[in-house]
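Sharing a structure, written as structure tokens. Questions coming.
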């Protein structure tokens, strides 16, 4: 385990060093890029709890990513237009305070995860992949036609939401917020993996029969895992929407689910820092290849294919060697 | 061959820009173009870019740098590229976005950071009305204009009971609102289809049963092609009217004879007789080996507008440059071109008919739907 | 709400269902026999359509175009199977999803590189175009009837192949127990290539048939891919019968839902809201249907193993 | 004789034409080892699966400690103290031996929703786990990955995990399979002592172990119990001899 912990620490330090360096060189865009890596890694960490620890292949995590985004969009748009969101039981005109927005995003995506999880976990294998995809598509089509919040045109927020004590408009400070939340999530998922719940959940992934025989219900374990995993991806959705100051149905599309899954697989499924490495590599590829040619996505496709076929344990598996896992 | 040429040119330009980034010479004007160059909707972005670069290269100025990037039709990619262009490459002017949802994601933030945005295509109603901005100009039209002209034409052609149809998304609702704003007849039916729908058999059956005397539809890209082919094959021969989006050069060849004779509204066509237009059509065909579409004409006009303003003022002096843009003293392919108070064009919108010249399908102007038409949101705009 | 309109809509639903069956049959076959999730199946649909458009453009014959679509898709399928898919059989669904997700990127942008960024022309042949009057006075496009006919013929051929021929026996055995048929001396790798190419050919044919009345453009395969997955999940993965029933069910639900839901709401709400609420619910309908089926039968109507 | 810990009454289960369990009735008394023998395919595993809750019988009742469990699932029956080992070992292969044992102890505790504290530093769980491992002789391979264990060691780990549940009765499906002569002898001694802790329903083809251990033996042939009795009664029962032992001369 030692080598993996060293590698993880190096990755985290790199993610911290790059924007600080860019801040010194007055290169704000690199800071924004690093913030995007931190936020998408957070979305991956959320999925990795369900996918890496619990073995739940969910192709619908964009649903929570989108719910988090729209939670932010709804509150912030009402705040900026001074229209009350609801007047009963108290007059509430939305808010542009990040803590309250995060809380709403977490609660909304947790309840979404509870409903979708309770229904989807009755199936398994490919059917589970497809039913999570179905729920995600349902939300996607709903968002497109829900004209109250921009429908397919999406919803733009003029000014990034505020964080008490920080000026979130300054890229480096917003990076600090995103980086902090990512570290918190990584610490939490590390503790979770080693906790009693983590042990039982991982056992359910390996042998459902064994977990039943010791008297623990796999369905409950997986549902709780889903309800923990959803809000973390939802929180990432809220932060992502704040990064772009824009929310749109594309956050809910199955392509987004696919991309979040790519972050986890690229880094190495079940690897604690897998999503961080996966997100960083994917975004770097998208950024670097983007300029090369009009048909850059062919190269992206070839690289992804090569990684899946040859880097068996994902990008962390290769340098750190096998072993490890949850 | 032409693909490789435009590919090489695009790479050359962007690598040139990347290298030029380090020594940001003061005299230089930097233009950032974000448009869709991959995926299903790439045809529109390629046309805008080719039209734009045709004018820039014709001017032969060495103090203009153009950075071109692909937004993959994804709002978050467009925002990310826009942030880079504004924050790190310090562009003075931005342009290129095709789709309304990407425009809404990028333009408000860009204009708020003192960057001029000249839209060659997307003209969402919000940016023409309450949320207009002094740094935002639209060179093409406001999204409703072509639909309003179609409504006006329907009255002239005494169509009394039209069946109208659009996808179930904001631009679709704007389209039918625009049509109804000018149309004075009855509505035999108003239906919204699923975005990206490819099979319209059910809708055509409803049209057949509705007793309408004409059909007005707004279905951009592949949706329009599918509908037109299935409509032609269905034996329902009610006259069809549509906006230019389903009848421009890139789409017409894929629809073929199913589109012959169909009326559509557009602010541009290749047979508008003025010197600039004739030269544009000839030069475009010579350089890119294909007829220009209305998107190419919009890209070309946007470039010439910038060039005319640069002749009169330095882009760093924003007020002077804005005045130069508002004056719009350049010979547009549409003839005389002027802006309304909310920086949206006040222009003629023609009615075209699809014809066949040799084995190429194209359009010819048959009437003027609306002349000197401004958009309906100008009054809400307080700059 | 005339009776004729209802009948016409049912025919539309059937035609859409039959087309979905061509797509779903290949998908469920590949998963049933090789246990592989192939997200790139939609790209083979696109390859078929582009091949047909190209050949129709050169030769002007629709028949040659259809044959070309079968051949091109089968060739592309076999090539992809030998180079990439073969390495994925023993990998878990995760790696299969990512690898085939990458294949979508390669196919889409590769096709755009070869054929350019604009939609291609592919039209219904003269002898099949225009409407024909059916009993009850329904005017219905001849070409759509042709699609229903071709689809049913191909479907029957597929059932015959699975039930009666040697390859069919091997396919059914492979679905039951992959290790067993390897032990029995069946050349597994050849069988897998054949099955994959067969699935690809079916998708290519569907692409060509539909391409004539829809738009042949990059990315046309993706919305159909999602529908095909919904179909095989409802029908039960691995079961051809399930794919047929699922396809017809989804075809009818999507078509009739799109027509009747807005009218249903129009009784309650005023037109504009009814239209957009109806349309949005209609687009969500098949996903609601799939979730409902899975809740009642967690492995599909005719589903075997998950 | 106090009332039985486990009572099975008229249990029937058929798969199409095959009657896997044909009106089976048997019970398990405290402090007893009740062996279940029969030729392959007699329906022993199907019977075990129905008792443990993995399979729902077509007819009949199952009672554990006086409570009807016929409709309860595996998890509920396990919580009532039904410990089980599997014929084909079903363990968490990626885990270490100790982690599997701790999983058992966690199951015994019942609440698995501790999200923060490191489970491998939970003194109570570790004590139960180490105690069970040492009783089956696996304490010195505690840190090894289960996947790297020998087949015999995995059988021992199955028993150990069952022990951590502190069950009120054991269902053991061929625990001796794959153990060498010495391993079987050792486990036989261990089970002999274990019966005081909780009675054992033992399915085991190894005749020496069965006759050495079992207080009572039931013989299952084609899904039906043809005889139940002490080792001697079974050995001399003509029906058993004909249907099952046949020419094999008994030691």
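Labels A, B, C and D are assigned to the chains in the order they are written; within every chain, residues are numbered from 1.
The criterion applied here is as follows: contacts are C-beta pairs under 8 Å (C-beta built on N, C-alpha and C of every residue); 3 or more make two chains touch, one makes a residue touch a chain.
Every value quoted in this text rests on a predicted model; they were computed, and no experiment measured them.
Comparing mean CA positions across the assembly, the chain most remote from subunit A is D. Geometrically, the chain at the heart of the complex, using CA-atom means, is A. Between subunit A and subunit B the centroid-to-centroid distance comes to 36 Å (mean Cα coordinates, whole Å). With centres set at the average Cα position, the gap from subunit A to subunit D is 44 Å. Per-chain Cα centroids separate subunit A from subunit C by 32 Å.
Taking each chain's centre as the mean of its C-alpha atoms, subunit B lies 75 Å from subunit D. Shown for subunit D are the residues that touch two or more other chains, of which there are none. Multi-chain contact residues, meaning those touching two or more other chains, occur in subunit C at positions 108-109, 112-113, 276, 279-280, 283. Counting only residues that touch two or more partner chains, subunit B has 38, 168, 173, 194-195.
According to the touch criterion at the top of this document, the contacting chain pairs are A-B, A-C, A-D, B-C. Across the interface of their complex, subunit A is touched by residues 6-7, 10-11, 14-15, 18, 37-38, 69-70, 72, 74-77, 79-81, 83-84, 87-88, 100-101, 104-105, 108-109, 112, 124, 168-171, 173, 194-195 of subunit B. By the touch criterion given at the top, residues 27-30, 32-33, 36, 141, 144-145, 147, 150-154, 156, 158, 171, 240, 244-246, 248, 250-251, 286, 290-297 of subunit A touch subunit B in their complex. Taken in their complex, subunit B has these residues touching subunit C: 3, 38-40, 42-43, 46, 168, 173, 190-196, 198-199, 201-202, 205-206, 208-209, 221-223, 225-226, 229-230, 233-236, 250-251, 253-258. Residues of subunit A that touch subunit C in their complex: 51, 57, 59, 119, 122-127, 129-131, 133-135, 137-138, 141-142, 144-147, 254, 258, 261-262, 265-266, 269, 295-298, 300-302, 304-305, 308-309. If you check the complex, the residues on subunit A that touch subunit D are 191-192, 194-200, 202-203, 206-207, 209-217, 221, 224, 228, 325-326.
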